[in-house]
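In what comes next, chain A is part of two complexes: it sits with chain B in the first one and with chain C in the second one.
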Partner chain A sequence: MIPTNTAYETNIRLPLLFIVFGAITFAASQAVTLTAGLAMINGAFRLPSVWTAAHLAILGFALMVAMGAMYQLVPVAFLTPIWSERLGFAQFFITAAGMTLFSASLAFHARAALFPGLLLVLGIVLFLLQMAMTLRKQANKNIMTLFVSTALVCLLLTILFGLTLVFHFWSGTQTMDHLLALKTHILFGVFGWFPLLIIGFSYKMVPMFALAHGFSMKPARYVYVTYVTGLAVTFVSFLQNSQATFAAGAGLLFIAFALFVYHISLMLRKRMKKRLDRPFQFALFAIAAALILHGAALVLSYVGDDRHIAIVVYSYLLGWIMLSIIGYLYKIVPFLWWTHRYSKKIGKENVPTLKQMMNENWTTVQCALFIVSAAGVTIALAISSLPLFYIAQGAMTLFSLLFAGTIISVLRK
Partner chain B sequence: MDIRELVLQQLRTVLDPELGINVVDLGLIYDLQISDGNIYILMTLTTPGCPLHDSIVGGVKRALEQIDGIRDVKVDVTWNPPWTPERMSEEALRQLGHF
Partner chain C sequence: MILDHRGLEPPQPMMRTLAALAKLQPGETLTIINDRRPMFLYEQLDELGYKHETIEREDGSFQITITKG
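Coming up: the complex of A and B.
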């Protein structure tokens, strides 16, 4: 038994900055979405208010939280310290400023979005540099490294195509087919960066939160290869403008996700913790929701139109990406604050457990509210019901306020 | 009370904050040596890259330093052999909902 004293922890202020900013921005995004109801119900998703709401939610919330979570998870999951914490703080302020100005520009003057967009891109590029330098130092690379590295490549492609779109607005000229750039931007952002990141880290978090041991990691390779091939085939379908290739891509993504669900179920069968924490159960529920939505996307790739596919993409964002992030955040934020407040007190005095940092019943109510609201918004969009949209989106806005309040209240414990 | 028993009792006050189970019942303690007021602990965690690494290891050290007459506490962490669920006590399994 050779001692190996290695511990890798990040200054918790860094991930917390990203997460608190993200929680507040999420509330703003939901309030803006409420104002875009009439347009969205009529299938008009390419409007300034929808762009603003989408970018506040995806960049301001999901991306910022994902970056914050990576500052905490990468060192512990990959046993590698963050390359430069100072760069991390600088990157936070640049990205937050860029994101805020960019979203505001989209709402009020889309043509002026280029310069704040460049500031935002600078923030994201600094993040990519930070992660590339950190992962380069990892001694023993594994399948999680592959998932996370590919997710980072997808993020880079997402911002390159996003920047292309903004340049088109700014210059009034087109460097490539605008719709192709838009579809690719959405593909690599919504179906590349976020899912690959969540799948990669799920391979760390699911066994950790379920205390699962003795399972094989072999299926992860097949998940990876099938999923990345699915992304590539879908991209080719955009280039060829081919419905059949698009359906093949959607099929591969569905198969990959089904394999991932199967793998997670194998892990959970090997768990020692019989009763799983509720927020973690919601993160698992999000995985099941994603499988259903991949199935829906596959069916619609044969019979659906752009409007139906847009609804599935929106539901995918809410039901899989957002719900996963929310479920995991209810676990990560108490951990971060506990580490800050009680890490040095353990062994000297009685300290609370992580579960005691947040009222589990209250988080259950909130997650249920989120799921009902997300389902309500999806149905409202599908059946074009404005009253239902306002009720469901109003409930989602209420959730976002409760969520931000809960995250901030942990910091007072 | 026997010093070894006293040390184990003190170790049982250190809980894994995620699971709420102490480090002895979890089977994290691989070796315990006591001589002339010095304690040496060789321990592990349930997974390499445990986010609570520093908290738990530091907690073990601090808990043992509080025992009267102890001069020095050294804690080493090893991943070899890796922790397995078979190392857990019945009490730990009960807390995890097995009985």
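Coming up: the complex of A and C.
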């Protein structure tokens, strides 16, 4: 039988809706973070303004962009169409409304955050249902499917523990130890869902962007097993309140990530493309930053206090998760828009090249601004310097505006 | 040589193309059939001085003929 075309394409409006919403919300999150400076430099992260800033950035930006990217990448990378695009649009509006109301309610009336929280959870659960139904239909499941599926399970656990936290705010009672729920919420959200998703898709994107071939995929299974064991051991350490177990968990996560770095370096050694694109170089830089931060977390698991661990978690969010997403978006958005706008016109009329969709030098300046700002914020938090915090966070807010402008400007080409 | 990459998960089509290109002698031609336009491959082909031509097939896939310069 002659094979037929199996190119599944999602309606481009769906991923772009998530991505544009995410880019705009990122700017809002950075402006709110600017107002939370005094609390943050004193190590007070558990305050309404910080909760709002964190959830605007993590849910409004990182989660929304990740969901949008998955609507685009899953059909392409796993050869299976999205289960229901209509559900995708409905899920966007429910999640966007839930996220906005939830973040606002954390700032102004945390006790009532349970109710918009439920709307937000509904949006995320619909997304999980969508992805479960989509991935179920993938013909040949592989290690990438395992990374992405486990990431989705972590997302489910994150929202369940998050829901427990806002239930505590509302009821004034505790269904379980509040600090245990908070730590687990952060563990599965920041160290489970995002990294597993980024690692899984990196295995697709690194060879694509570096034009690499002839490498082994075997190390990926060791990365997976070690990483997931590290997450489980860290969770157990919270249950036991045991520092030794916590250090063991942090150690396993560090080893798993080091293995991932080694595997990526093996791929890059087999690449054909000598000079890598700048945005992709920044996504690779994010991987290196994550390894250093995993090392810092390991050291702090022996000698550190909660404040220093919180700073490492925050810079891990900025330096690894946000920077990876930003780096890949600079690659994906022009590609998506070019395919939508020009792929049918090529050969018939003059069309811009992919490179002309976005000025690479300008993205380099922006990524450099992001890195300097993120480093500045981390140092400001570590040395409790309010002036440095305002300068670095001001620069980060400027970055977020430039970033949103750049993403939106591609869609006008 | 003709390589049919329809129905293969990325990055397989790109990796198979690169492996075949490595064996190509000057003046020889490689034809690939892909579900999508290999946007990231084009830049590399231009850089290496390979000539390439793309036609859209009836089933919506793309046939790319690459000649080593």
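Assume the second predicted complex is superposed on the first by the 408 of 413 C-alpha atoms of A that agree within 3 Å, B and C clash if a C-alpha of one lies under 4 Å from a C-alpha of the other, contacts with A are read in each partner's own complex, and residues count from 1 in each chain.
Everything below uses one rule, namely that a residue touches a chain if its C-beta (ideal position, glycine included) is under 8 Å from a C-beta of that chain, and two chains touch if they have at least 3 such contacts.
This one's a predicted model, so the numbers in the text were calculated from it and none came from an experiment.
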Chain A: partner with more touched residues, chain B or chain C: B
Partner chain(s) touched by A:72 [first = chain B, second = chain C, both, neither]: first
Which of chain B and chain C A:354 touches, first, second, both or neither: both
Common ground on chain A, meaning residues reached by chain C in one complex and by chain B in the other: 3-7, 76-79, 204, 207-209, 211, 213-214, 272-273, 335, 338-339, 343, 346-347, 354-355
Chain A residues within the chain B interface of the complex: 1-9, 72-73, 76-79, 204, 207-209, 211, 213-214, 272-275, 335, 338-339, 342-344, 346-348, 351-355
Chain A - residues contacting chain C, complex: 3-7, 76-79, 140, 142, 204, 207-209, 211-214, 272-273, 335, 338-339, 343, 346-347, 354-355
Parts of chain C lying in touch with chain A, wherever the complex brings them together: 4, 6-7, 9-11, 14-16, 18-19, 35-37, 39-41, 43-44, 54, 57, 59-61
Chain B - residues contacting chain A, complex: 13-15, 17-20, 30-31, 42, 46-64, 66, 76-81, 83-85, 88, 93, 96-98
